[in-house]
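Common to both upcoming complexes is subunit A, partnered first by subunit B, then by subunit C.
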Partner chain A sequence: MKMSKRTALLGGVTLTLGLGLGAAMAQETVKVVGVIEMSGAGATAGTNYKNGAQMAVDEINAKGGILGKKIDFVVYDTQTNPGNTRAAVQRGVDEGAFAIFGPVFSGPISASMQIAQKAGVPQIVGGEAAGLTKQGVTTIFRTSLNQADAMPKLAEYFKNDVKANSVAVVWVNNDFGKGGRDAIIPELQKRGIKIAADIATESAQADFAADAIKVKSSNADAVFVYLNEEESARFLRAIKQQGYDKPIVGETTLLGAKVIELAGDAAEGAKGHVGLSVDAPNPLFAEFGKKFQAKFNYKSDHNGIKGYSGMYMLKHVAEKTGKLDKEAWLKYAHGAIIRTKDEPGILIDSKFDANGDVDRESFLAEVKKGQQVITGTLPPVNKF
Partner chain B sequence: MTRHPVFSRIDANLATLLIGAVILWFAPAGLKSYGLYVISLWLVMSIAAMGLNLTLGYAGLKSLAQAAFLGIGAYTTALITAKGGIIGPGWSWPLAFVVSGAITFFAGVILGFPALRVKFHYLAFVTLSFATVMFLIFRNEQWLTGGVYGFSNIPRPSVMGSKLDNDLAFFRFVLVVTVLLSLAMWWMLRSPWGRAFTALRENPLRAASLGINLRAYTLLAFAIGSAYGGFAGALYAPLVEFIDPAPFAISASFVLLLTVVVGGQGYFLGPFLGAAFSYVLPEVLRATGGLYLLIYAALVLILLLITPQGIIGIVEKMRENRRQKAAQEQRNASKVMLEA
Partner chain C sequence: MDQFVQLILAGLATGAIYALAAIGFTLVWQTSQTINFAQGEFVMLPAILVLAAVKFLHAPLPVAVLMAVGGFLLLFGFGFKQYIVNPMARHGILPLAIATMALSILMKESAKDGFSAEAQQFPSLVPEGAIQLFGATLSLRDIAIFVVAVVAIVGLQLFVTRTKTGRMMQATAQNPTVARILGISTEKMILLTFLINAGLAILASFLISPVYLAKFSNGEVIGTAAFIAAIVGGFNQVRGALAGGFIVGLVDNLAAAYVSSAYRAAVPLVLLVLVILFKPEGLLGSKEERTV
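Our next item is the complex of A and B:
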């Protein structure tokens, strides 16, 4: 397989080309780099997160930006792949981003948060996996409740409202699902609830018939479903086909607008705990929901709210410090309490602790007539 | 004047490799971390593709498990080097590199046994199931691999007491390893082994009749190709500093297969071109915004329609056309002469 010298040299030259580098941005704007799942398994969640953030950026820019500077928001797709996410976060840092916005899935966050940490760049993420804020990374901030905080609330709900003595747990085998499973099972057992079945499913799994049959034959009093959006909808359809009539309980994703839309009638009666919802009894959420619907022509799920409120959190903290200084921003944000009376864009009173975890009220909800209906409000884990 | 035997052995591939290495040593000095990360990734994946190129391009064995070997190398390296390393920070990486290569070599031998019995797409199925099993081990054996939570804080190697935390230094380290592995591959392909591998692909029956031990060479091709996957893994883990099962899933094996095919299977420089196409081009195409994956997919389709032999195939085709044309002209000229 011999080649001429010229052929080989041509190849060599091609190798050394092919790398473009973003030029440094002028400091007239505040650069915020979105590193978000726009394709791959996280595309549904990522698109919502990005749209929410984009809407906040448009609003903030229309009112003059942050400290007089407009936000320059660019989004790099992660393909829901840790390696690509790392590259994208690195690119954002190299381009001098004031903050990294995203990603939403926990695996890609784990792979990239050290990069932001090394550079001292704040990273506002949508991940729920408990481990993210346990590793001493000082630049990460959540926009949703930590699983470790949400699951005890849910276990209480199983005990007091569902009154279940045994529960079948269905989870997706990625770090989000596994983290949720590892968090809920001890909480349930602590409350004397038996685990009747412990069922792992695959990310992007299409057919849930076998899992639905396992749940049904476990004879548990209720099933806890902890899957990503599209898989949740497929599972709901599969279990309804089995004629399952016991309570189907979920945490945030199961009751999301996208799941209800995809599952149709099969979502009817599903209930559980939600961190954020446009249907919550809160005029700010309702107003956000309306604006989002008008702009993107579909109903936002909790990820849209996370993107929107996260961007306002970024703005609020920057304005409180009075300058665009990352170190000052991080210092203020750890321990910051942001109330809607000071910053309506945050949508709900929130407290960010020293690890970057967020604490706030959350809700109990049920799907009725194709709508998520809020049936109760739960207080924050620690009152503030 | 007769040429010194050493010079006569230096061919175009080697010249390109060495010139390319010198350019790459100096060229990225101005690049920031992102650029260095992308070209480091390119080199690492080139090594993995080089291994697959040996099994597929030279020996003609269709393997769908190269990402699994990459994973074995990466997890082995993570386990040996993490938390200060099992034999101290200085020597843990070299140990990990050797062990990664050795484990994947023997895994390749074991996987190669069925390769003797089955061929073509049946062989692809055998490797596919191996890749699936490996993925499940990476994901489910949490006590060993960290499971879905992954393995974080994998350190960069140290050279002569100083840790390669600087991205440029690490890139140059990757470059040196890549050049060494490429030289070994170059030497091997020109040796009787390499000729035997090609003979296996072109005509196994004739190869056997010439006294080539088919069983031994099939196993060897598989094992060496797999070991290159392991070597690449030993660099991948410290490059990303975090691993979870996702980059070693079946789809990643398919991307590596695409890399070899797109670059030009059976060409020494094919894996480098292919890896640039598979791992660098999508990053460059980000400039086109949301459409970048569509554009990328269209490029793959068009490329393989135009030139099934890969990127190098285009150049080869052009040369072939020129040769044909020259031959035609010669024929025409000689005809005139005959008539005259």
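Our next item is the complex of A and C:
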């Protein structure tokens, strides 16, 4: 193929301009790569997390971005697959991301966090499994409470509020569920509560009839449900079909807006502990909830709040360091206390410790008339 | 004992859904001698179509149901036969089977991208709640699912064996050449078979979606279970698919309760292997000979 001089010259100029423009664009933006479960078993959690983060990005960019640079938020769907998650995190690192945002499920986080750690890229995740922040990974930051902090609060609730002497524990057999199961059982036993049944279920399980029947047959005073969103809804529907009338208690997920929507009447009366909620007695949560509803036409669950506040955490820390430097960001974030008076987008006063765990107030809630109703506020584990 | 009775009923209800889907495998096998690998997606899609009609066209639920039923019968009853089975069957069984695999992926991804990747609530067409019977708590929904599915299957069996049209369908399935010589419009009979398959898939979809929630990936679970059910019962007999569905449903539920949820999917597969080893035509199937 012959190419005229004129064509070659034109091509060269176009290429140079293109590369120059790309480089200029890259310098004017802060790249944040979302590695999120947009499909697969984690689609509900991931979609909320992404939408919350996107809302924060739009707000931050409308006000001039981070340190004058707009956020370039790109999302890769992990399909809730650990292998895809690793590939997406690596892609984000290779693309020069300032931070990796996600994933939400603990298993994929566990499988991918070493990649971000090796590259020194901050990773803001939605996972709750206790083990995530015990592996010496210095780049990971949670947007939700660690199970190890949440479960003692819940065990107290079983003892003092539910007044249960025996509990059936239903959990999903993944990092999230196993971590929760391993954290709650000793806490319950420490308080003299007997484990009447210990029932493992599978991620993305569709049929919960057998598990519901086993719970009912255990004759426990209450059941603790620790499943992901869609599975929680299926379980609630299944146990309702068995005429179960004892307390159904969960931790955050069970009382989430999406679970209530999917389970319908079957969610009525479910109660427990929630880390974050748009129904919490906090004007900033309420305002976030209204904005989210207006933008996406549905009610945000805790994952939406996690995505939103996580993005504002990223912004706040970067602005505090005064530069877009990952090392400086990580140094400041470990031990950072972010108060709503300084950064309203964080929505609730939060402290990030040296492991990347977050501490803050949390809530007790119950589903009444199809709505999550907050019945109490619990203090942070360590006062700050 | 109460627990066992409850598990049996739940297993029969699940099995009835598997049976509806498994009969689809049988019908397609009888008319085109191939396996429809999109059968699970056939059960997933009707519920999604109903919800899509409500969401995008703002149709009231009954209208949405009618639209979904009409659209599905047209696309995956008539359309499936006319535009996938007919052209591909000329090239042999394997290309047709591969075409159904492609269709399966297409249906799943279209439902995900065109509607939603998240699970959605689907209204129950049968009563909810529970009743007490001889000390055991029985789910009304399980009873209703079982009854509706069994009535549909028995109705189909009566139609096939007791009516003239049904016997013409059977004749077409057994020997299309002779059926044509006898003056039977085999094309019409095959089309009717595909429409019945689509109808059973719609029924299964409407019964199972309130339990599983409507989601693009539901076809994987249902398709696999129904495929195992069809092989266990006998791929070439409707009664085999029925028995296979109930057996797999029961084994699945009992395994979840008495073995473990982690192994529940493996137990029906063990059953499948045993059937293939010791009775390859299936428990109620008949041996087939082919001219080569």
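Odds and ends about this structure:
Basically, the second predicted complex is superposed on the first by the 359 of 384 C-alpha atoms of A that agree within 3 Å, B and C clash if a C-alpha of one lies under 4 Å from a C-alpha of the other, contacts with A are read in each partner's own complex, and residues count from 1 in each chain.
Rule of thumb we're sticking to: a contact is a pair of C-beta atoms (placed from the backbone, for glycine too) under 8 Å apart; a residue touches a chain by one contact, two chains touch by 3 or more.
Everything numeric in this text was worked out from a predicted model, so none of it was measured.
By the document's definition of touching, both partners, subunit B and subunit C, reach A:Asn173. By the document's definition of touching, of the two partners only subunit C reaches A:Ile199; subunit B does not. Legend: residue contacts after superposition of the two complexes on their common chain; A:Lys383 is shown touching neither subunit B nor subunit C. When the shared chain is aligned, subunit C comes close enough to touch A:Gly243, but subunit B does not. When the shared chain is aligned, subunit C comes close enough to touch A:Ile213, but subunit B does not. In the superposition on chain A, A:Lys63 contacts neither subunit B nor subunit C. Contacts of A:Val93 after superposition: subunit B is touched, whereas subunit C is not reached.
In the superposition on chain A, A:Lys323 makes contact with neither subunit B nor subunit C. Contacts of A:Lys369 after superposition on the shared chain: neither subunit B nor subunit C is touched. Taken together, the two complexes place residues 38-39, 173 of subunit A in contact with subunit B and also with subunit C.
Residues of subunit A that touch subunit C in their complex: 38-40, 43-44, 47, 173, 199-202, 204-207, 209-211, 213-214, 216-217, 230, 233-234, 237-238, 240-243, 258, 261-265. Of all the residues in subunit A, the ones that touch subunit B in their complex are 1-12, 14-16, 18-21, 38-39, 76-77, 79, 81-83, 86-87, 90-91, 93-94, 107, 110-111, 114, 129, 131, 135, 173-175, 177-179. Across the complex, subunit A is touched by residues 11-13, 15-17, 19-20, 23-24, 27, 31-35, 37-39, 41, 139, 147-150, 152-153, 198, 240-242, 244, 246-247, 266-269, 272-273, 276, 280-281, 283-284, 286-287, 290, 292-293, 311-312, 315-316, 319 of subunit B. Residues 2-3, 6-7, 10, 13-14, 112, 117-121, 128-130, 132, 137, 139-142, 210-213, 215, 217-218, 221, 252-254, 256-257, 260-262, 264-265 of subunit C are the ones touching subunit A in the complex.
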